[in-house]
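Please find the structures below.
Each of the two complexes below includes chain A, the first together with chain B, the second together with chain C.
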Partner chain A sequence: MRVFSGHKSQSTTILFFTLFKLSFIKAFQYRGYILVTLFSALLDVFVRISLWTALFRANPVVQNTTFHDMINYMALTGLLMLVQMSGVDDRLANRILQGSIATDLIRPYSLKLFIFAQTIGDNLAHFLLFVFPVYTGVLVLFGMRFPPTLLHGLVFVATVINGAVISFLYYYIIGMLPFWLESNWYVRFVNYAMFTLFAGAFVPIWFYPDFLIQISYYLPFRYITYEAVTFYLGRTGLPAMPAVLLRQWVWIGILLGLEVALWKAGQKKLTVYGG
Partner chain B sequence: MSYINVENVVKEFKVVRREKGLINALKSLFHREYDIVTAVDHISFTIDKGELVGYIGPNGAGKSTTIKMLSGILVPTAGRITVDGVIPHQNRKENARRIGVVFGQRSSLEWDLPMEETFDLFQKIYRIDDRMYKRNVEFYVELFAMQSFLKRPVRQLSLGQKMRAEIAVALLHDPEILYLDEPTIGLDVVAKNHIRQFIKRINSEKKITLMLTTHDMDDIEQICDRIIMIDQGKLLYDGFLQNFKEKYGGEYTITVDFAYAEEGREVDPRLQLVSIEGQRKVYVAHRSVIETTEALRYFIDNFDVSHLNIREADIEDVVRNAYVKG
Partner chain C sequence: MHYFRLYLQFIKIRLTSIVSYRGSFFAGVIAQFLSYGAGFFATWLLVKAFHELNGWTPYEVLLLYGMNLFSYALAAFFFFNLAVDIENLVISGRLDGILVKPVNPFLYLICNGFNVAYFSHISLAVFTMIICFRGLGISLTPIMLVMLALSILGAALIHAAALVMTSVPAIWMLRVRFSDILYWGMREFINYPLSIYNRAVQVILTFILPYGFISFYPAQLFLGKEDYLFHPSLPYATLPVGLGLFFVAYRFWRYGIDRYQGTGT
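Entry: the complex of A and B
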């Protein structure tokens, strides 16, 4: 009997696209949610533009940064939320806390891939519905910059992809912590603080005091989207990029090793010691 | 060799010992003591292909732990399990293709999706080819009468509808074995009956080997031919339902509220008085000695009774009984 058809990689791709499609179906189910989220995204952008307008009125150039730089920084960081894999941690953590991870273990799929596809699907739905219209609106309104050469563009894309991988692995590791911690709310709290501070989510790291900048080099957060954005804005030159890419790969290596080790230990805890 | 073999299986869990009080809580930050809890204690049984077995016992008896070991989620501490020649936890994914598992208290459905889409998702997860997928969806949608709620998101379904959906999804890839862990838990009488009819039909029409855990006596009476009973991790009984009932079942309790204090009046000795609470008296009897209808009639005909209540022995009583009789 030919029950399970197709090549493994091919059917994995099909599963991936199915999950992708389902994220859209879910997102469109809640009309109220769409309206409220769109409204709050607009409000958020409006508040931040107002804030930067006020700050730059007194001083048109602060630390080599103009109002126009800031708007572009904000919009780019916003658009790159597409590759921010937040949501991965909750998906995994909830499975562990509620025990449904048990059923995942007996399904013939890779849980990592499953969660990745779900997250990317959700992100893309979110991106197309809210992020893209709002931030493209901002860029059209205030003027957008483009990479000077094709090479710049390609290096930018490579940096973003590396950042996405770092982000995914980081959140996946955070999501595994409930194997050992009974609750994960404080993890989320610390996590949020670290991201706000060291990923440059709201204020660019270049404004920070020197010791914070130094610390940021030893943490993975700035390698997720910050490096890509500063490069795009021309604050990091092309010659400095090989080092940035190298550092990203080092982080990918470290996180991947950590992830594999923790997953093994967590699985053992679950199946041998019973969670 | 049988289809499912469980030989001398033991499962122990390490549980952190928690002492009362703040000081002990602080101490436990630095030094933890563990208790070993034996959930399954040297259990052996075999199941043949196509059998429908009820795996019963009170809450915390070790039923789910056994199911989890059989499905490969838990690794036994000692002993050996094989399912169709394969050791489940060593070949978790290979084993997964042959089995369907439904945990009554845990959903495998996507909350926001209608069943139509969930079926689609499971087709992709189990890589079911289109012909078989179509055939099975048609079959189970009809069998479980799911047509009316196929397009509604799972979160809007009733508990009974959800359970039907869970079972249908678990069967979509034509598993050879279906493990059902408490499939009727929390359902009302009508929904329970539906589920029981479905389970019987799946076993007889699809020839699927079925193992079902429950602590509901009616589930067992109506579905199973064979039962395996455990308590506190130990095997108490393995055999035909009929023999089991003759041996341990048949006990019932009658609570009688007398209209007047019936002091001094003798009651039929076949009814054993176990407690008195004002004008309320509780009797225990056995069906082999006196049938329930006869006992009821006896009280109504001979006494001035304001209220009568009869309760059949539930699984806890039966287990207790089995323990006493050994």
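Entry: the complex of A and C
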């Protein structure tokens, strides 16, 4: 293919944008699917707004949190789904389980970049179609917060980007598990449990009892979007942020090391049945 | 009797398949236990942080989860595969083969689709309900236990009816999944007391898509609540509602099969 000729980094960029465009176009194909998914996203948000309304009815401020805080927390966490790289794990796992990884390994591109481009394409399409309209609607309706200074905004963006890297590496590692497991359909349930409890996906971690908060510091999940959102809402001050960013980098280092080691071990372990 | 023996045979085959994939099966049971358990625990922590949700204490809200999961798992044991596999059966043409077998196709599909993965849901649900009743200091009298069993049976029939009805558009090869959303999307509503929603939602979940009878209304019997919303007799109505809905769902499914055209494969 012509696309792959020429300078290596240039062809990688072209490959990236081609894949990105393809998964984007694919998501727009099914109009019925779009309507149904949009409707269910609206239902989901409606349930959660009703829940928060009812919870704050008796006390307008609980643990230093208002209804308005929670709406912003929910919407921001929802919008940051864009940097949640779920889907990476399934893409890699399916290649290993079905054996197509064998051809991936001899193709002249980085498999990681390939999966990254596909995931970003899908996520962005999903984001523009469902996430963005629903949650910006919520924010317009209930009032949105903005960072007080430009520096706050920049630190927020840095935290989000680090979170995206952590998320990608985490899911990539999870996707490698089929090197050792015969089936992996249950792994997603464990992931769901982890994100529910330790990433603040549904209930913010600050409402938790102390021992759970302590545990969350030793797991990567809170560093994906939770830290960025709590900073955005002003619950974490600017002076505390260098430590947060440092912890994120430490996690990126740990996960990168783990990823490289597992990838090496996995390739040795890999058996693809002929066909 | 004939069907019962057939059913036992099918269950035996399914159980044999578990034994062949033991590791994967038990990993799955634990993983699903964790995933639902984490959701339950997070909700319990949340309501605990706020002390109450519209007058419902953490254990009372958790009881709604437990009843919902228990009845869903009972229904899904038998009807989940029926609802989910039908599309493939239609596309591959295997439904034609089932329709010419000398058994009722509905019963055949239920027998064949026994889904063993729901053991983990049922054990978690029972565990949760026991924790709730203990936490609330409620000891159930024999009459109350019977009422609980009947309510859960009725609730399971409501879930079953929904699963059966959502499979009908697939028989007609309609790819639009509004029916799925009506079911899967709406299920989230009943994890919380119906009384937290506005009037329109309450009317819908009581009279149009009567999911309120799965946990919210019957739970009032055991919790001594007076959140009746519409009428004090509603907490007793779960079983009749379930029976009625299931009958309608079964008729609708037969109607769907009568209008099945096949794909020509």
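The rule we apply is simple: the second predicted complex is superposed on the first by the 265 of 275 C-alpha atoms of A that agree within 3 Å, B and C clash if a C-alpha of one lies under 4 Å from a C-alpha of the other, contacts with A are read in each partner's own complex, and residues count from 1 in each chain.
By our rule, contacts are C-beta pairs under 8 Å (C-beta built on N, C-alpha and C of every residue); 3 or more make two chains touch, one makes a residue touch a chain.
Bear in mind the structure is a predicted one, so any value in this text is a computation, not a measurement.
Student: I'd like to know which partner A:58 touches here: chain B for first, chain C for second, both or neither.
Tutor: second
Student: Taking the superposition as given, does A:99 touch the first partner, chain B, the second, chain C, both, or neither?
Tutor: A:99: touches chain B, not chain C.
Student: Name the contact category of A:29: first (chain B only), second (chain C only), both, or neither.
Tutor: first
Student: Considering only the touch criterion stated at the top, classify A:39 as touching first (chain B), second (chain C), both, or neither.
Tutor: A:39 sits against chain C, while chain B stays out of touch.
Student: Could you say whether A:19 touches chain B, chain C, both of them, or neither, answering first, second, both or neither?
Tutor: A:19: touches chain B, not chain C.
Student: In the superposed arrangement, does A:150 touch chain B (first), chain C (second), both or neither?
Tutor: Neither partner.
Student: Once the structures are superposed on A, label A:108 by its partner contacts, choosing first (chain B), second (chain C), both or neither.
Tutor: first
Student: Chain A residues in contact: does chain B have more, or chain C?
Tutor: C
Student: For chain A, which residues lie in the overlap of the chain B contacts and the chain C contacts?
Tutor: Overlap of chain B and chain C footprints on chain A: empty.
Student: Under the stated contact criterion, what part of chain B meets chain A in this complex?
Tutor: 11, 13-14, 39, 65, 68, 71-75, 89, 92-93, 95-97, 99, 101, 103, 106-108, 110, 112-113, 117, 120-121, 124-129, 132, 153, 173-174
Student: Provide the residue numbers of chain A that touch chain B in the complex, in ascending order.
Tutor: My answer: residues 2-6, 11, 14-15, 18-19, 22, 25-26, 29, 98-100, 102-103, 105-109, 270-274.
Student: Which positions of chain C touch chain A when the two form their complex?
Tutor: Against chain A, the touching part of chain C is residues 21, 23-24, 27-28, 30-32, 34-35, 37-39, 41-43, 45-47, 49-54, 175-178, 180-181, 184-186, 188-189, 192, 196-198, 201.
Student: Please output the residues of chain A touching chain C within their complex, sorted ascending.
Tutor: 32-33, 36, 39-40, 43-44, 47, 50-51, 53-59, 62-63, 181-183, 185-187, 189-190, 192-194, 196-197, 202-203, 207-209, 212
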